[in-house]
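Shared chain: subunit A. Partners: subunit B in the first complex, subunit C in the second.
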Partner chain A sequence: MPDLSYLPQIALSGIAVGCIYGLIGIGFCVIYNASGIVNFAQGAFVMMGGMIAYSVLNTLGLPLPIAAAVTIVAVAAAGVAIERVVVRPLWDRKATMFVMILATLAAQIVIERLALIVAGDQPKTLPQFTDLPPIRLGVVVISYQFLWIVGVSLLLIVLLGQFFKRTKAGKAMRACAFNREAASLQGINVSRMLALSFALSAALGAVAGVLITPTQYTAFNVGVPFAISGFIAAIVGGFGRPLGAFMGGIMLGLTQSMAIVAFGAGLKNVAALSVLLIFLFIRPGGILGEAK
Partner chain B sequence: MTPVLEVRQLSARYGRVEALHEISLSVADGEFVAVLGPNGAGKSTLMRAIMGLIANSGAVSFRGAVLPRQSPDTCVARGVVLVPEGRGIFAPMTVAENLELGAYLLNDADEFERRRTRVFDLFPRLRERLGQIAGSLSGGEQQMLAVGRALMANPKILLLDEPSLGLAPKVTDEILGTLALLNKGGLPIVLVEQKAPLALRLTSRAYLLSVGRLVAEIDPRTITSHDELARYYLS
Partner chain C sequence: MTNLPAITSRDPLRRGFVALPWAVACGMLTYAFIAGGYFVTVMSFAMIYAVFVIGLNIFMGTAGQVSFGHNAFAALSGYTSAVLTATYYWEPIAAFAAGLALALLVALVVGWPTLRLKGHYLAMATLAIGLIVYEIATQWQSVTQGYMGISGISPLAFWGYEIVSERGKLFALVLIVLLASLAAARLRASRFGRALAAIAGSEDAARALGIDVAHYKLAAFLVSAAYAALAGSLFVHVVEFVSPEVFGLHMVVLAFTMLYVGGIGTLGGPILGAVIVSLLPEMFRGFKDYQDLFYGAGLIILLIYAPKGLAALSDLLPRKGRA
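The block that comes next holds the complex of A and B.
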């Protein structure tokens, strides 16, 4: 029996990694809502986030906030590039969802291998954003990176909510989610919305990558596990529902961290996939129900 | 009169099935034209092909300029606006948001208010329902919203695909009455209708489609009885 006094501490680390899964899950939802495409290159954005930030920080010597901003813009551009080069040609030919999943998965593998060639196989990490000793609250220790992860994630959720609710582009993206054809009949350029959704998802993935890297490490091959966790978060939340994906991410993060303590690190993914299976069996619509 | 909308030899297919065969028609400025035909005649396909929602061959031009193929947003920008079959409203969004999206290409707050006021004058009920979720409206109100949303784009020609579908006769009359009013104000309208007598009451000319082909052009004034109309359908 593990020592239960660790439980709050474990819960905190679960919440932190859950926020990251949630951001990746939201990335899945944003693209899916705009286009009906499930983009499996989502993990590549997270990997690129950590790797590019590392290079910008260490080769160009820019301060961390600027390096982070440069990274997010660069990864968003990469997202648009994937949309242009991989997704758009298939989309124009009305490819099925399975073709899209395979094509984006292929893009993920290509990016992964390119990262291996360019950056090598050594894991890299980023410094903590705020280099101060962690805060102690009784038995719980809260690191500043935890606060950064949770704070930035919540801020992004609020900003995204406002974007979809208040801005014209956000409303147009929602309109595409409900009825793409009717959206195009209002003068909305649906394929431009597709590019925008890739930029937005890629930026979210990059933020996730930059936030999580200081607490662990990044390497060319971290993308796929993150993509799978984000995908599970999105399904558990009710695919297509950004807020649900975030809740799903936190739930998944908590489950994983509890499983690590109870059964050992090797069973972390067993726990994650069990959550997925339980939801698929009992509540296939997810926490919030299906979007459509 | 010179035509504003000209369709030349428009063909479209769904997979290997030809749904539309070399349709040519034209609409003059200020005209109210009906497109009639039984279920499956290709009326909706014709509208979708004109807007570029489906792949097609042939040419559609509006006010002398050819409309690009498969670019519905460009059609809307040029003033060719379709109220699609089944209304196509954004059900989970509010009435206000639906109307806003109708004016998606407009970036002028004053003009937006002017257009919206005009829509409210035509459909006062939309003003009352502004904050309501569009999907919770009655069928008639949803159709009003669909027409109102199309008017927010300030169309130079309005196409409507069976706006009477599934509506009570009284509501249908109300909506068709509004269309007649808009047409009197100078807006050219193309109305797709399965119920021919309804459309012939309002329109100055009608095209009859059957199995993807244009089979007749009808002058409603010459149709005085149902029998004559039936003859067109059966011939």
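The block that comes next holds the complex of A and C.
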């Protein structure tokens, strides 16, 4: 039996990684709401976030904030590229949902292999954003990276909320989620919304990748596990609900960190996948029920 | 066979177009028997994958369902065969029977709740099943020896008669593929197969016709899982080694590429796809790292521009005579 005084510490690390899962889950929701497409290449954005930030930082020698900004823009561009090259042609041909899933999964593997060829198979990591000793509060130790992860995630959620509520593009995307046909009749360019949703979703993935990499590592093959965790977060929160996805992410992060303590780190993916199956079998609509 | 209507067409050009991929496939197999060596191994892999894809085609092509997780059943049976023959010295046939039973049991237990799901839920649930089995194969080191893999698996043997030569293995595999294909063709033409095709067309309509949709879907899932299990066991006996990578996500993508190259829903498609796709990496020798890249990119291009695969090659020609 592990020492229970570790519990708050474990919960903190669960919350941090849960925020990351939440951001990825929101990425799933953004594309799904705009188009009804489930993008299985979502994990590639997270992987690219970490990898591109690493190479910009180390080969170009740019400071971290600029490297992060460059990375986010680059990954958003990659998201639009996937939309143009893979999703758009299938969308125009009215491909079935299964074909779309298969194609995005194939895109994920293509990106993964490209990353392997370009960057090699060695794991890479980024420095901590704030290089100060962690804060001690009684038995709990809080690292600055934890504050960065939670802070940036919450900020993004507020910004996204404002984007969907106040801006024209955000409102148009919500209209697409409601009814694409009616939206297009209102003069909303639905196909532009598709591209925008991929850019936004890719940027969210990139932020998640840049935030999490200092606490662990990144490599060409981290994408699929992250995508699955993000998908689980989206399912648990009720597919298509961004806020639900974020809550689902934190729940998954907590469950996973507890599972690591109870069963060892090797089975953390099995634990997450089992949570997914249980939810799919018992309550596929998630805790809040599916959007719409 | 009645599955290739175009082959009976009087138009010689069209006939040639349809026969071309088959000529290539048969030519490659014959060449493998004559030339021997490494090429026999390549074709043996193709035949093992053909078994897997024939099964997948029943579930996806005929019944119109989705599974990203059939590698799980190949892994379950493959590992059972490996452990029972390498550690406990079982007969390969007996070990395969045990592996098949295990795979079917798991398919039954997981299939029941899974097949009630639709769309991306079904896709993700099956993907999760495949990944869980893969993760367990890497982590359960006392049985699977993790990434190290299990070696010393006994070679392919039928009732005490061991097949040692590479050509002999390929011959046995070709026979198995023909039998598996024949069984799939019989199944497709039977009442069962017609019911599955009805479900693929419209579940509601099938239900209205008195078809028990849930039962038939589960049955199709079990049949395709059995094919996957056979492929998994064949693999470990032919290679005499197994590691988790064999049954990873790579297997799923490769199988889908084969299914789409050959033509999903057609009878000969799986064999054709397996042979043609297995030849590709041989053309790009020295580009080993690029293999999955080409498969992935090729699959995307196929899905967009030729979703019916080689089986529909003749559609590219303008139709003469009949409108």
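Here is the rule we go by: the second predicted complex is superposed on the first by the 290 of 292 C-alpha atoms of A that agree within 3 Å, B and C clash if a C-alpha of one lies under 4 Å from a C-alpha of the other, contacts with A are read in each partner's own complex, and residues count from 1 in each chain.
Basically, contacts are C-beta pairs under 8 Å (C-beta built on N, C-alpha and C of every residue); 3 or more make two chains touch, one makes a residue touch a chain.
Computed from a predicted structure; not experimentally measured.
Asks: Is A:P89 touching anything from subunit B or subunit C once the two structures are fitted on A? First, second, both or neither.
Replies: Only subunit C is touched by A:P89; subunit B is not.
Asks: Quick check on the superposed pair: does A:V118 touch subunit B, subunit C, both, or neither? Answer first, second, both or neither.
Replies: Touch status of A:V118: no partner.
Asks: Go through the superposed model and pick first if A:A172 touches only subunit B, second if only subunit C, both, or neither.
Replies: Once the two structures are laid over each other on A, A:A172 reaches subunit B alone.
Asks: Just checking: does A:G187 make contact with subunit B only, subunit C only, both, or neither of them? Give me first, second, both or neither.
Replies: Touch partner of A:G187: subunit B, not subunit C.
Asks: May I ask you to decide whether A:I135 touches subunit B, subunit C, both, or neither, giving the answer as first, second, both or neither?
Replies: Once the two structures are laid over each other on A, A:I135 reaches no partner at all.
Asks: Between subunit C and subunit B, which one touches more residues of subunit A when both complexes sit on the common chain A?
Replies: C
Asks: Contacts for A:L155 in the overlay, against subunit B (first) and subunit C (second): which applies, first, second, both or neither?
Replies: Touch partners of A:L155: none, neither subunit B nor subunit C.
Asks: Could you look at A:V110 and tell me whether it touches subunit B, subunit C, both or neither (first, second, both, neither)?
Replies: second
Asks: Of all residues in subunit C, which touch subunit A in the complex?
Replies: 66, 68, 113-114, 117, 119-121, 123-125, 127-129, 131-132, 135-136, 138-139, 249, 253, 256, 289-290, 292-293, 295-297, 299-300, 303-304, 307
Asks: Would you tell me which residues of subunit A are touching subunit C in their complex?
Replies: 38, 40, 85-86, 89-90, 93, 95, 97-99, 101-103, 105-107, 109-110, 112-114, 116-117, 224, 228, 231, 235, 239, 266-267, 269-270, 273-274, 276-277, 280-281, 284
Asks: Tell me, which parts of subunit A touch subunit B in their complex?
Replies: 168, 171-172, 174-175, 178-179, 181-190
Asks: Quick one: in the complex, what on subunit B touches subunit A?
Replies: Residue list for subunit B touching subunit A: 51, 53, 72-73, 76-77, 81-82, 84, 88-93, 97, 100-102, 104-105, 149, 153.
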